[in-house]
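Both of the next two complexes hold subunit A, though its partner changes from subunit B to subunit C.
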Partner chain A sequence: MRTIRLLVAKDLRLEWRTREITTTVGLLALLLVIVLAAVRPEPAAAASAMWVTYAFAATLGFTRAFALERDHLTGLRLAAADGGVVFLGKALVNWVLLAAVQAASLPAFGALFTEAALARAGALAAPLVLGGVGLAVVGTLFGGLIVQARLREALLPLLMLPVALPVLIAATSATAALLDGAPLRAVGGQLQLLVAFDILFVTASWLLFEFVLEE
Partner chain B sequence: MTRPQAPAVELAGVVKAFDHRPVLRGVDLRVEQGRAVAVLGANGSGKTTLLRLAAALTSPTRGTVALFGRPPAREVRRRVGLVTHESLLYDNLTVAENLRFFAGLYGLAPSRAAEALASPPLAPLAGRRARVLSRGQRQQVNLARALLHDPDLLLLDEPYTGLDVTAASRLTAVLRAERGRGRTLLLATHDPEEARALDAEVAVLLGGRLTELLPADALDPARLAAWFRDGRR
Partner chain C sequence: MRLLLVAATLLMLVGITWALLAAPTEVFQGLPQRIMYLHVPAVITAYSALLVVFAASALYLWTRQARWDRLAHGAAELAVLFITATLATGAIWGRPVWGTWWSWDARLTTTLILWFIYVGYLIVRAWAPGSRGARAAAVIGIVGVLDIPLIHWSAIVLRTLHPQPTVFRPEGPALPASMLPPLGINLAAFLLLFAALLLLRVRQERTLARLVERLEGA
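So, the complex of A and B:
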């Protein structure tokens, strides 16, 4: 836990100083919301627009997050930081940054698509958090895998999005139902699928990340 | 009767290939504890790969690597410090924050970073971000980072690259002092003068193989230059 806390505190301090990821990802998210709203500013399109925005924002943010760490992985590994611990630290930071984008973009979705995006923010937190964790976990796993690759910016979405498809479908479906006024229990199936995906990928990534960091 | 100490580093028949192209073709190296050894080689000869194997950062394709007589598991890796010509520091953290972070990773108290920062060359740098440091200052901090956890083995990958004369002689003085404290040094360099300055034994990496250990003074610079040029003995 101590090492995870150190890694998270270090990453958040670096981000606070540079605003490198939040600025680029926030700007991209804002542009996507505006463009998608210009095409179809209807409540029925809100859930899809939200998750398209989060998926693109996540791929951009996660690529940057590992690019910043690329030259330092040797230092982390020499300090005998366990690969699984490095994974948990990076995934947590990725999720925090994605959650910040989700929270910051809700008012825009509320203004441009449907007021329910704000009125039902409490219920929406469930798919947003669980879906966000899923994206962060898959993105961190593949981000680590391709950190030394030359075309990593292009590779990450190619690798991450197909694997994260169950997350995107379940989260979009749950979000759409909740925006439509359904109670939380009505989307229990989707939420269970998200929980199962998150547990599966956190466990697998935690176990595999030592090998991912190996050359 | 005392048991003989295990060597700090022992490579036996090590082959390392990348994409089926061998960089090291059967390297044997034994570095006894407390000794200083320099691996000399031209650019691209595999020196960095050899040091990464010794640091257990990568595995051999064939052959064995042992650190202090044991396979290079995570616990043994903690006895190793590494200084490279590239900085492992975070540019947008201050020197103090960098050292506190790495001390934390090693499970050391923040006071250990404070102790390292108390030394004269580092004290004025504590509050500066790593990205504004000169090359020499950066290397001083790098060395402090590598020594934070008091490693028994210090690996140095071209540590003099980019240093001016003053910074280089300061680095030599620090490394000689560390050697005097009984720390094992394994240096990768292309410059035999750096080996001589540390009174290190030398082995030359040619064509993916390592020569036997020789005193640094036994190397004929002209012959060494020819070896580097031809890539073989």
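So, the complex of A and C:
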């Protein structure tokens, strides 16, 4: 537990001092909202616009998370932490950054697409958090896998988006229903799928990350 | 391996001839239904190949023996090949029968996404050679198969148009008995072809590995 806390604190402090990821990813997210809204500003398009934005922001941000570590992977490996712990720390940082982007862009969606994005923020938190965790987990697993590969910026979305498709479908469908005014109960099926995905991939990545970090 | 190839070819000739000439024509779909004799064996072979990828990848991570990695690699290539055949024959059948090349049905979506995942697997193999690439690919190979039920479930959130399974059902096959022999023969032919090609690829890769070893030793 302590190791995870230290890893997370280290990455967040680094990010706080440079603000590299937050600035680039935040601006990209804002830009995407505006482009998508300019093309189709109807409330019906809000849910898909939101998850397209999050998915793009995630793929850009997650490549950075490990790029930071590329020269220090040996350090991470030597630290008395097993792969699972490093995975949990990295995934947590990635999720915090993605959640920040989600929270910060919500007013933009409210202003440009539908006011329901703000009025129903409480209910929307469920798909946003569960879907965000799913994206962060898959992104961390694959981000770690290809950190040493050439062309990793191009590879990450290629690997991550198909595997994360269940998250995107379920989260978009739940978000659309909630924006439409449906109660949280009505999207139980989608939320179940998100929970199942998160549990399966946290477990699998936690077990597999040992092999990912190996030299 | 030669024996397998010959057997696969002969069976396929018999199966296809039977399917085209002897099998009955379906009342509602007409002639396009006959593509089922290729489509169903192709999809079963593709998913069998994915199971081989999964098992061989897990064994590779566990034992670190290069032969499991070669097996996973060969099976993944063939999985992509047979998934492509499945998608192509399905689209050709869908056009006259459904009136559309494509629909966002659960089975179609799952198969298409698997195509993307395992093409990604092959790209990683191509760009990251050596044991690092092998490990990365093994992780993707395992994760891809774990993802199958979730992709399928998520696609059910969308509507399902695909014909329900007619052969492998708990109640027994719903297909007329006269359609079963050509289907079975073609399925056997596809699986034999898969085994033959897999063996061929694994042998090629083994020879290549030995050659590299010799050259480096010399």
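We adopt the following convention: the second predicted complex is superposed on the first by the 215 of 215 C-alpha atoms of A that agree within 3 Å, B and C clash if a C-alpha of one lies under 4 Å from a C-alpha of the other, contacts with A are read in each partner's own complex, and residues count from 1 in each chain.
Just so we're on the same page, a contact is a pair of C-beta atoms (placed from the backbone, for glycine too) under 8 Å apart; a residue touches a chain by one contact, two chains touch by 3 or more.
Please read all numbers here as calculations on a predicted model, not as lab measurements.
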Touched partner set for A:170, first subunit B, second subunit C, both or neither: second
Which superposed partner A:162 touches (first subunit B, second subunit C, both, neither): second
First, second, both or neither for A:18, with subunit B first and subunit C second: first
First (subunit B), second (subunit C), both or neither touched by A:214: both
Which of subunit B and subunit C A:200 touches, first, second, both or neither: second
Comparing the two partners subunit B and subunit C, which touches a greater set of residues in subunit A: C
First (subunit B), second (subunit C), both or neither touched by A:76: first
First, second, both or neither for A:3, with subunit B first and subunit C second: first
First, second, both or neither for A:185, with subunit B first and subunit C second: neither
Subunit B/subunit C common contact set on subunit A: 214
Contact footprint of subunit A on subunit B as seen in their complex: 52, 55, 57-59, 74-75, 77-78, 80-82, 84, 86-88, 90, 92-93, 97, 101-102, 104-107, 145, 149
Contact footprint of subunit B on subunit A as seen in their complex: 2-3, 6, 10, 13-14, 17-18, 71-72, 74-82, 214-215
Touch list for subunit C against partner subunit A, complex: 61, 113, 116-117, 120, 123-124, 127-128, 132-133, 135-136, 138-140, 142-144, 146-147, 150-151, 153-155, 157-158
Residue ranges of subunit A touching subunit C (in the complex, touch as defined): 141-142, 145-146, 148-151, 155, 158-159, 161-163, 165-167, 169-170, 173, 189-190, 193, 196-197, 200-201, 204, 208, 211-212, 214
